[in-house]
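The two complexes that follow have chain A in common; it is paired with chain B in the first and with chain C in the second.
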Partner chain A sequence: MKNRLLWHKALTAIVLLYLFIPLLATFLYSISTDWYRTVLPEGYTGKWYGELVSDPRFIDALGRTLFVCIVTILISLVVMVITVFAVTVYLPRLERLLQGIAMLPYAVPPVVTAVGLITIYSQGPFALSGSVWLVIGAYFVAILPYMYQGIRNSMRTVDAISLLDAAELLGASKLKGFWLVVFPNILPGVLVATLLSFSILFGEFVLANLLIGGHYEMIQVYLVRRMEENGHLASSIVVCYFIFISIISAVVLRLGRSAKEGRT
Partner chain B sequence: MRTQTNLRMIALVLVPFVLIIIAFELMPLAVMVMDSFRGDEGKGWTFAQYVTALTSKYYLTGLKNSVLISLYSSLVGILVAIFAAYSLTRFPTSLREKILLFSNMTSNFAGVPLAFAYVVLLGNNGLFTLLFQKMGWDILAEFDLYSWIGLALVYVYFQIPLAILLLYPTYFAIQEQWKEAAALLGASSFQFWRHIGIPVIMPGLVGTFSILFANSMGAYATAYALVGSNFNLLSIRIGALVAGDVMTRPELAGALAVILAITMIAAMWVNERMMRRVRRDLR
Partner chain C sequence: MSYVRIEQVSKRYHQEQVLKEVSLTIEKGALVTLLGPSGCGKSTLLRCIAGLTDIEPGGKMIVGETDITNRSPKEREVGMVFQSYALFPNLTVFDNIAFGLKMKGLEKRVYTEKVEQIIRLVDLTGREQQYPHQLSGGQQQRVALARSLVVEPKILLLDEPLSALDAKIRKNLQMELRRIQKALSITTVFVTHDQEEAMTVSDHIFIMDQGRIVQAGTPDEIYRSPANEFVARFIGSYNVLNAADWKSLVAEQRTGSYAVRPEVIRLLPIDAPDVRETGWHFTGKVREKTLKGNVIRAQIVANGIPLHVDMLNTSSQHDIHEGMDVRVFIPESECVPLD
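Then we have the complex of A and B:
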């Protein structure tokens, strides 16, 4: 029995090592002076990080990505909370339809989505191509499944309909009941969906590259272009990106757990 | 009277959602499917794009490559996960959660950053490439990250954490008492897994496999970041046809995209059929 546990430990350790090595290598590359003749880096330096934060192209790309992500998520947040609430409370018959629409992007890879978007918006009456709004629209759809599920699940766990009924019974209007009672209760769940969407969009490359590419260089597109020019710089971006994403997922996990545990 | 104004208000509230969905989800898909039945530059109605997609050697190879790399990488990913996820269930909860957290974090490590990390490890001047050269081992002498094997290796990396994440919960369907009962009745560990363990997790296995397959069929960023548009994969071909440097052919891209979607749906369908069969056996 003891032997077996050892075996499990060894196996897990190998898999974890396998998953860890690329991360470690990227980190080493980002702090090495030169690393192409020797097995281990020839020397260590922090200059790539310094160069990164003083590179206006990087700052611009980061700013663009943050702008697009935040605008998309704000729009999605407002539109989806209202839509899911209205459908759950007033139009339960449409719930299946809404679910179908919301889960559809899950089954359609972004490269397929891009085809139709480019066809429609590259010419004619809706020439949006090269416009940041095209990306925002596409991103809205890309995070739709996560936002929908997050919001619907939290409305279900807090039993939004009963909450609203109770608020109305106590004399609140529907709007007031929604804003003061339902909304604060679904907030933790909604926050989790928001952060998850944010980390997905931050790492999104396909739509950013195909829809807008060099016209509006976002962080992932910048990363691909930098990879060829300066690997050290590119790897320092990857390291920052990974740390950033890890922090977000840790927060998501903790929030998700407390949102679940808070109501038992 | 009141209910009517109420309904009108609700309808009004839904307008933004409906508009966005039509503009950025439904219409693009509909236009893409319709365009795939049109000639070049949108002239006439024809199956010509599908004929091109399914007879031209170039695009057929792309399709075959996509299917093969997805099959292989999903297979390796799930094989590793079968053992790794089970090993995880043997650990105390706190350790288990820490490992899962780490594994989930690495699942964020995909696409462009992942491709880059593999260049650092196994590219022409990569860590392991140099290490093995110095050691005089020539296992890597033939290896080329920018080849099919290389790409498959990178795909496996993003399949493993996803497979562990999806497969791990299915092991909780197996209760410890079953193992004890089987052992009491004289079953060996192998017999237990052959007759009880594997059939119980089978639906989870097949489901996970189909998700891995679909995941890699649709993947684009990893291959693109490694070698640009040079790999002949279905997803890369679609991207090149709509936003390429040369000439764009959105109609043909549409046909290829429909084919890609059909392969993915077929994988899901097979998965569902299998699940149903497995469940009937269990009954």
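Then we have the complex of A and C:
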């Protein structure tokens, strides 16, 4: 009996080590002076972080990425929540179609998407190429599957249709019912989908680089450029990335918990 | 004049005719049950009455003096308790119950009194500020009931409200429901597949099979005089014997099928004298004996025909063992002819 538990613990420990060692190594590299001959760094320094924070381009790139990600997600939230509600309640026959559309982004590699978008939008009435709105549009499509699944699964879990039926019989209109009784309960699930989408977009390189690249330098492109200059700096950027995403996750999870109104 | 009239209601899902021109009437203040096996259409009919499911043109539904056929669920003044209760997880017990009254536009001062009254009626005092996930199944059930009743609907619809509960709570709540329904005199339609439950709570039962009503009557009428083989097999543990079965059993020619209730068949010791009543005596073997609490059920085989026999659990039944031969008597008066 005891042996079996030991085996499970050992296995878990090995998997965790496998996952964390690269992060740990990156962190060490970001605080080391030199590290290419010895097992552990030759010296420690915080100068890489200093250089990073004092570089205005870093702050700008961060800001641009945040802007693009947040705008995309807000637009996606509004559009997707309304769409899933409308299809679930008024047009259940279109559910299959919506599902198919939401899965399409999986089938198309980002490079293909980028090339296609540039070709279409570089001329004609919608000359968007080179503009940040092209990226936002492409990003909206990129997170479509995650937002759709997240919202739809939330609605299934809380049995939104029964809740709406009950609310209707008690005198609420479909819209009022949705707002008062369905939305607060799908909020945790929706927030998780939002977080997932945010993480994906924040690290998404191909579309960012191909659609606007240096014209509107976002953190992903900045990272690649710096990586070619200096490995230590690149490591410190990655560590910042990681810390930032962790903070966002914690905030969203806290929000999700309080949105459940009284549940522990 | 009947309070509720359902006339020629039909419903089709894809290629299947789920409801076939169903008609029924309900008296004011009565509790009627739609009883039938899964898939018979009883829940669908309930949803049609609530307005959550549309019906085919040609059907009509009247509640009180009002034709509700074309009205939206909101306008029908119908209360419904769902099988899953559908309590609003983000609202407290108090707010769940007050929801309908808030939707009507009542002020807090006004509805608080009504909500507190109904909470007392369903015996949930002290739990007003709790959330649904903190309550037991039976308590959630009562919140769902209170929520529907507080808006004073014209009729109350209950869709297998007790199916999710365990046996003991179920029995208690059956009585509770009946008590509350009678106290408020509210016309109620109850849906269940459990015939014992139906007989316990109902004034009137409608037995449904494959989208049609196959028999309607009081619990007693239906139990003692099932109209056909389907009802006989569904409503109790009836023994259904057709002409061929009777021939094997008692070597007598009878026309048609008969249903015999397990509690009317008498088991006697092998050497006992004949019972002085018109009926049939024959010998059988006890194949199995099951204790169901206050009832003992014996499976008898006589001349190749299996029979269920029920007896109350008194000391004289302990003389009957598995494997022994017994004398069996079926009184003629208790044989119910089926069409």
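Following the convention adopted for this analysis, the second predicted complex is superposed on the first by the 216 of 264 C-alpha atoms of A that agree within 3 Å, B and C clash if a C-alpha of one lies under 4 Å from a C-alpha of the other, contacts with A are read in each partner's own complex, and residues count from 1 in each chain.
Keep this in mind: contacts are C-beta pairs under 8 Å (C-beta built on N, C-alpha and C of every residue); 3 or more make two chains touch, one makes a residue touch a chain.
Remember, predicted model here, so these are calculated numbers, not experimental data.
Asks: Per the contact definition in the header, classify A:Leu5: touching chain B only (first), chain C only (second), both, or neither.
Replies: A:Leu5 contacts chain B only, not chain C.
Asks: By the touch definition at the top of the document, which applies to A:Tyr146: first (chain B), second (chain C), both, or neither?
Replies: neither
Asks: What is the contact status of A:Val111 with respect to chain B (first) and chain C (second): first, second, both, or neither?
Replies: Only chain B is touched by A:Val111; chain C is not.
Asks: Quick one: is A:Asn185 in contact with chain B, with chain C, with both, or with neither? Answer first, second, both or neither.
Replies: So A:Asn185 only meets chain C here.
Asks: In the superposed arrangement, which partner chain does A:Glu168 touch: chain B (first), chain C (second), both, or neither?
Replies: Once the two structures are laid over each other on A, A:Glu168 reaches chain C alone.
Asks: Counting touched residues of chain A, say whether chain B or chain C comes out ahead.
Replies: Partner touching more chain A residues in the overlay: B.
Asks: Determine, under the contact definition given at the top, whether A:Tyr216 touches first (chain B), second (chain C), both, or neither.
Replies: neither
Asks: Write out the stretch or stretches of chain B touching chain A in their complex.
Replies: Residue positions touching the partner: 6-7, 10, 13-14, 16-17, 20-21, 23-32, 35, 80, 83-84, 86-88, 90-91, 99, 101-106, 108-114, 116-121, 125, 127, 130-131, 134, 157, 160-161, 164, 214, 217-221, 224-225, 235, 238-239, 242-243, 248, 250, 253-254, 257, 260-261, 264-265, 268.
Asks: Residue numbers of chain A touching chain C in their complex, please.
Replies: Contact set of chain A toward chain C: 158-159, 162-163, 165-173, 176, 180-181, 184-185, 260-263.
Asks: If you look only at chain A, which of its residues touch chain B in the complex?
Replies: 4-5, 7-9, 11-12, 15-16, 18-23, 25-26, 28-29, 35-40, 75, 79-80, 82-83, 86-87, 90-91, 101, 104-105, 107-120, 137-138, 140-141, 144, 199, 203, 205-206, 209-211, 213, 220, 223-224, 227, 231, 234-235, 238, 241-242, 245-246, 249-250, 253
Asks: Report the residues of chain C in contact with chain A in the complex, numbered from low to high.
Replies: On the chain C side, the touching residues are 50, 52, 72-74, 78-80, 82, 84, 86, 88-92, 99-100, 103-104, 131, 133, 147-148, 151.
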